[in-house]
Amino acid sequence: MKANISGIIKLLEDIAPSRLAEDWDNVGLQVGKRDWPVRTVWVSLDPLPEVVTAACREKVDLLITHHPLIFRPIKNLDFDTPMGAILKRATENRLGILSAHTNLDAAADGINDVLASKIGLKNVKVLGDEIKTLPSDALDYQVNPLMPVHSGLGLGRIGELEDPLNLGAFAISVKEKFGVSHAKVAGSRDLIVSKAAVCSGSGSGLLGHFFSSDAQAYISGDLRYHDARDAEAQNRGLIDIGHFASEQIILEVLTEQLQVRSIKAGMDVTIKVCRLEKDPFMII
Amino acid sequence: MKANISGIIKLLEDIAPSRLAEDWDNVGLQVGKRDWPVRTVWVSLDPLPEVVTAACREKVDLLITHHPLIFRPIKNLDFDTPMGAILKRATENRLGILSAHTNLDAAADGINDVLASKIGLKNVKVLGDEIKTLPSDALDYQVNPLMPVHSGLGLGRIGELEDPLNLGAFAISVKEKFGVSHAKVAGSRDLIVSKAAVCSGSGSGLLGHFFSSDAQAYISGDLRYHDARDAEAQNRGLIDIGHFASEQIILEVLTEQLQVRSIKAGMDVTIKVCRLEKDPFMII
Amino acid sequence: MKANISGIIKLLEDIAPSRLAEDWDNVGLQVGKRDWPVRTVWVSLDPLPEVVTAACREKVDLLITHHPLIFRPIKNLDFDTPMGAILKRATENRLGILSAHTNLDAAADGINDVLASKIGLKNVKVLGDEIKTLPSDALDYQVNPLMPVHSGLGLGRIGELEDPLNLGAFAISVKEKFGVSHAKVAGSRDLIVSKAAVCSGSGSGLLGHFFSSDAQAYISGDLRYHDARDAEAQNRGLIDIGHFASEQIILEVLTEQLQVRSIKAGMDVTIKVCRLEKDPFMII
Amino acid sequence: MKANISGIIKLLEDIAPSRLAEDWDNVGLQVGKRDWPVRTVWVSLDPLPEVVTAACREKVDLLITHHPLIFRPIKNLDFDTPMGAILKRATENRLGILSAHTNLDAAADGINDVLASKIGLKNVKVLGDEIKTLPSDALDYQVNPLMPVHSGLGLGRIGELEDPLNLGAFAISVKEKFGVSHAKVAGSRDLIVSKAAVCSGSGSGLLGHFFSSDAQAYISGDLRYHDARDAEAQNRGLIDIGHFASEQIILEVLTEQLQVRSIKAGMDVTIKVCRLEKDPFMII
Amino acid sequence: MKANISGIIKLLEDIAPSRLAEDWDNVGLQVGKRDWPVRTVWVSLDPLPEVVTAACREKVDLLITHHPLIFRPIKNLDFDTPMGAILKRATENRLGILSAHTNLDAAADGINDVLASKIGLKNVKVLGDEIKTLPSDALDYQVNPLMPVHSGLGLGRIGELEDPLNLGAFAISVKEKFGVSHAKVAGSRDLIVSKAAVCSGSGSGLLGHFFSSDAQAYISGDLRYHDARDAEAQNRGLIDIGHFASEQIILEVLTEQLQVRSIKAGMDVTIKVCRLEKDPFMII
Amino acid sequence: MKANISGIIKLLEDIAPSRLAEDWDNVGLQVGKRDWPVRTVWVSLDPLPEVVTAACREKVDLLITHHPLIFRPIKNLDFDTPMGAILKRATENRLGILSAHTNLDAAADGINDVLASKIGLKNVKVLGDEIKTLPSDALDYQVNPLMPVHSGLGLGRIGELEDPLNLGAFAISVKEKFGVSHAKVAGSRDLIVSKAAVCSGSGSGLLGHFFSSDAQAYISGDLRYHDARDAEAQNRGLIDIGHFASEQIILEVLTEQLQVRSIKAGMDVTIKVCRLEKDPFMII
């Protein structure tokens, strides 16, 4: 069966429902038309100019990105701006761009679940505010309105380590699991870590939830100086593996989730991770 | 000399400087690239789908409209929506769209000045809040900081009739000057009108300025029931010639202003009024 | 039994409960004293100076209007203003003024229901946000908290035509039913209309609800140019019969509803439609 | 010459210009018509029901009050409420009500100046924010834009005592000057007072200005427990003579100011202090 | 058993749960460390400098006050300010300061209940907004979600007099019960009072609740001139016994409540009312 | 001459006037009393617990920090919290704490000027909004109100490199000048840099000013992933040397500035950089 953008939107919605996105976010179709045919899909973190250019050259039909192309609503299609140039190229080459951002962060088996799993956490729960869901059976709700319903959906995760480690050793093990050349660590190297929290992307916003929890260490990206001082004051540890590394892990997983679903749906489509991106920061 | 969009933007800026636009407005380039060549320009009130389609078919390079194409900033280029379809067609056909809205209303020899002139008003002043301008010579300002500077720029106009008329006769004369099939009139037909105010487009917003003035009649579009009741209570008259008719008069004037300037600039470009638009309301 | 203002307030409350009014509205007693005797009641749309003057001359005791006399709260009783002059006359002549505005719009058998019925719509539902009501039996609510309760109360209505018509023919039929000399129509005359929405008074505010519905045509008053352009873009039709005509239809109905209830209550009172009002707009 | 309300408004405007009133205040004509004739004027602090009733019985034409009749804008003339009953009585008896509130507090020779003078303060300045006035000669302003202009207008006053006194003795002297049966005093009785601040009416709002000044004592009304504790912490003294006593002193002064001006204007009018008011609080 | 601050906090929380405090309030530990030993406790209304000084001199370990020491959050520990001086003294002398403010006002057997009881009111209910509490048995809630739950918690109280009295006689009886030298009374002395409302501290904020109730008299502190005029207009009575007197009554009661609980908890601690405070206002 | 805290505040005010601080900042005395004697002063970036502990142990009298101890106003002195513990230790040991934060960033020869100088920038100007200063001679202002006054005060700096370098080489030179083990670089390594901007601390907030400038590279701390992507889109370069390193450079300079001024003032005081701090982040 031939696929089109509309069909791929349905597959992605099944993996990362757009209702899970934060209010300020702009997920879903960024540019394109639902009936455009889709044979080749690329999956990347960012709709970078070089990614869009290569996708157009390689006759890719749809680019699925984590970060939305349009973050602040636009007031014109000014093709002399970087944003306008990308939109023009995509439009002229019939390249659709589709994004799953905080909905993919929050989803079951989304970025944060993958992060927690990669680090080896057990008994994983949501770190931030849990997204409420109506139980599938409305009757249950009616009978038992005060019964807590754990959705497992939301930003960040918290879980237990297989065996407690001190922060120094834990940080080295995390660094190796993510294959990053460097990691920033704050807190006493001797701090015993038996429980850890994670947050994909920029983790400063969930720091309050971490401090209110009983986890000793927090793995995230884009952590700042005052975050580190606050962690010291609370006698906790921070491990910053970088925004890019904390999110890139989803690309293979999402690609596979899409492939499985597309095969099941009988869609004749090739889905691949785009190999052109690299961390915008190099540590020298 | 060959013209491009950038050159036409400069001509339009000279006629209706974008700094005169209201804060909430979105004037200027709506879609396009500044180095696109321009041989043919159409001038219209609205970037309607049929206008854009015809312009693309007729190989027009630039459409100048009064109402901006993008009014509320957009969050995506969804080509399945009416807005997305217009943007797609314009992009694919290299049709630029450029708008002058409240800046053209407020400008000297802009829509409101043309309105006042067509009705035959004399000693014309700005009806709304006058836009402040720094005198060209800063030295003057310094020496005389309290000296009022009349800019003649702003929304609406007020002026005197050649000879006082009663409202009934005045309304008929206005209707004939604009060639409209119908006009809505509120207030006593016997009211003597020696001074009148005008406001292009939707005039409800300037009604307070009209009531604070010493004009007896107000000519505008989109006036509402409670506006009419307020006018009755103030013993004033309203003449609603329709939003479309109150603005359409600018098309010929703006086209000529652009032609004069393009010739002076040695630009090889044809500028024409688009003849496809008609009032969306028909009175039956 | 002799009636007083207090008694008439109760009858009106039964027809158009004041709790149905919008938050910004000011319904109920505008001027008067609850124990003033009432023998004669006039019903009108507006508390116009000439209506109040005539009512005082004709020894009317209570004027019931649709539009509230006091819209913006007043800071003084300045009898040199139009508002002050009306209040003075009413006070000196012991004329009570009582208003039912958005509560009458929203009520069952209120203005919007009458509008829909006059146009001949079937299976009529509320167009705007439905006003929530507690079911009369609290026990039901308790047992079945998720059971939807359709109140049929709110602004605007939507329903089906007996037989589909094109917009041109539908507009002519509506115009004839309301006996108006002119109507403004927007949209393609060939559009097939099988479902229509209505909104009494100024309908721009409910346009979003109309576009979200599956009705093809919208009948209301005070519609504006950009409303018409939006309707064109959505391939829908608008029929503007005027604010006055869309509301005036309630006068006979409300008068009869009050008469029935006053007779039932054994009140010795005469209730009549005031015949002095006419549309403030004349189309020339 | 016969006087009317309009003429008296002009006299009062000369004494207490309405532009001096606070933004939240509602000064000026409360009820009445400018061409109503005026032979007898009463001056009182409050438009109490018994004052209005007596004024109507005594054929008074205008009641001038310090506290405005209408404080919160009203949404109806409901004659079953206390406010409605007063408005009805005034309207039916052609009694105008006119108020000068914070403009009379702030004016030159207004309540605060009279307060300061009665206490015997010298070198009196404004305690609160001084109201800015443009110098009469615009040329001066231009030449000397940074030159401070002391207007002497604003709320509260501050000045020096003829001879320093301790707070206990000062409080007794103030109490005697105002002829009040009781006064509330806070602060050490031994505190030496050489400078004092005053504020008519409710003085809590200007307490910050008092603490920032170098005055040792503050005379006002409606002072509260926490005000007293704050004064103790700052080692200052408070003397609360009551809201009523702090304002009543203006009645004779204002009456005389009006008489002088009415005679000068050749108006045939009798102006008297209403003797019916007494402090609503009795101390037992 | 030796007591510490932590233990006393638990006793106080049992008497006046901190969740009952208003949002803007700052109850609980103001200064101190939870493991500081406590042998002697003083109870007072305010953390006045002289109270803190005496407590330090007398080796008191904990001062419990009604009014919080820190009302507006502080930006520094500037020991040159009155607030800084108190904090410094308390810190250097290991004197803890703990406050129960609006939670003590709202509590069962808190200040308002004591006030009502002292005045002799029966069938006492909450005057202000009742604080909602979940019933202890969640199952009940579920079965009966609309069943009202009266908590008896909140600000102010209302109740019936044993025998109706006129306001004059009632005021004298209240004055005698509180042993105050003076009380301010507003309203007609002949008004028959069968139901009365009370509010500890500054009662202006609950005046609206009083006017909406069917009580004829209101006993509180810090009542103002316009409160008195409003009461006259509503034909109600006010009795102002002073902020201090309305709250001081709690000191003995709270001390006893703490003693009972401390003995029951086997704590070896002496709790006494501080006898150093007096009303900051003296009436001369 | 013996020094006290008051004297040192004056020296610091001369170096970094507190009026230069941002509105949200809390500079100046954090804890202490102005008449406490000062013999030894330490200068550090943060009032860390270990710094305060060591200062107390070493009998230091005053700790001057860049980051304020109290950032969010505090509601109590709860000695069981990290903040309370520091305040308690400082109070008991008579250690004053004084902070100069954004005022030191903005000052002439403050952190940003030192940053720019260390990097070797020439023709240095303010990057952020320049803080306006009145010229010392008011007369000048009057005569020449439009004459721009460059204060050189504000956040961030921008200046020219001695010789243009590509971003890669520039980043290595910056890294060496600051002696940091690692730096994060974003942007093309081949980008030619002739002009650079700097911002001490967390530089994300001034990124817009950098993009609006003509500098090619930006040196700061706490830069984030999306900052790097934005820089790529703008074809600019970022060099993140860390928040700590970008600020630590001021310690020696500030210490020397204070020493010079204290000697000049004849104060008998020792001022030293605290050597106990290290970057809270370690890169592994």
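Labels A, B, C, D, E and F are assigned to the chains in the order they are written; within every chain, residues are numbered from 1.
Here is the rule we go by: a residue touches a chain if its C-beta (ideal position, glycine included) is under 8 Å from a C-beta of that chain, and two chains touch if they have at least 3 such contacts.
On a predicted model such as this, the values are computed, not experimentally measured, just so you know.
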| item | value |
| --- | --- |
| Same or different residue numbers at the subunit E/subunit F copy interface, by half rule | same |
| Winner on C-beta contact pairs when C-D is weighed against A-F | A-F |
| Selected pair, out of A-B, E-F or A-F, that shares over half of its residue contact pairs with D-E | A-F |
| Chain whose Cα centroid lies at the greatest distance from that of subunit C | F |
| Most distant chain from subunit D, judged by the mean position of its C-alpha atoms | A |
| Centre distance in Å when subunit B and subunit C are each reduced to the mean of their C-alpha atoms | 35 |
| Approximate Å spacing (C-alpha centroids) for the pair subunit C, subunit E | 52 |
| Chain centre separation in whole Å, for subunit D relative to subunit A (CA means) | 66 |
| Numbers and ranges of subunit A residues touching at least 2 other chains | 145 |
| Residues on subunit A engaged by subunit F in the complex (per definition of touch) | 46, 48-49, 67, 82, 171-172, 175, 182-186, 201-202, 221-222, 224-226, 228-229, 231-234, 240, 242-244, 280-284 |
| Subunit D-facing residues of subunit C, complex | 26, 28-35, 70, 72-80, 84, 87-88, 90-92 |
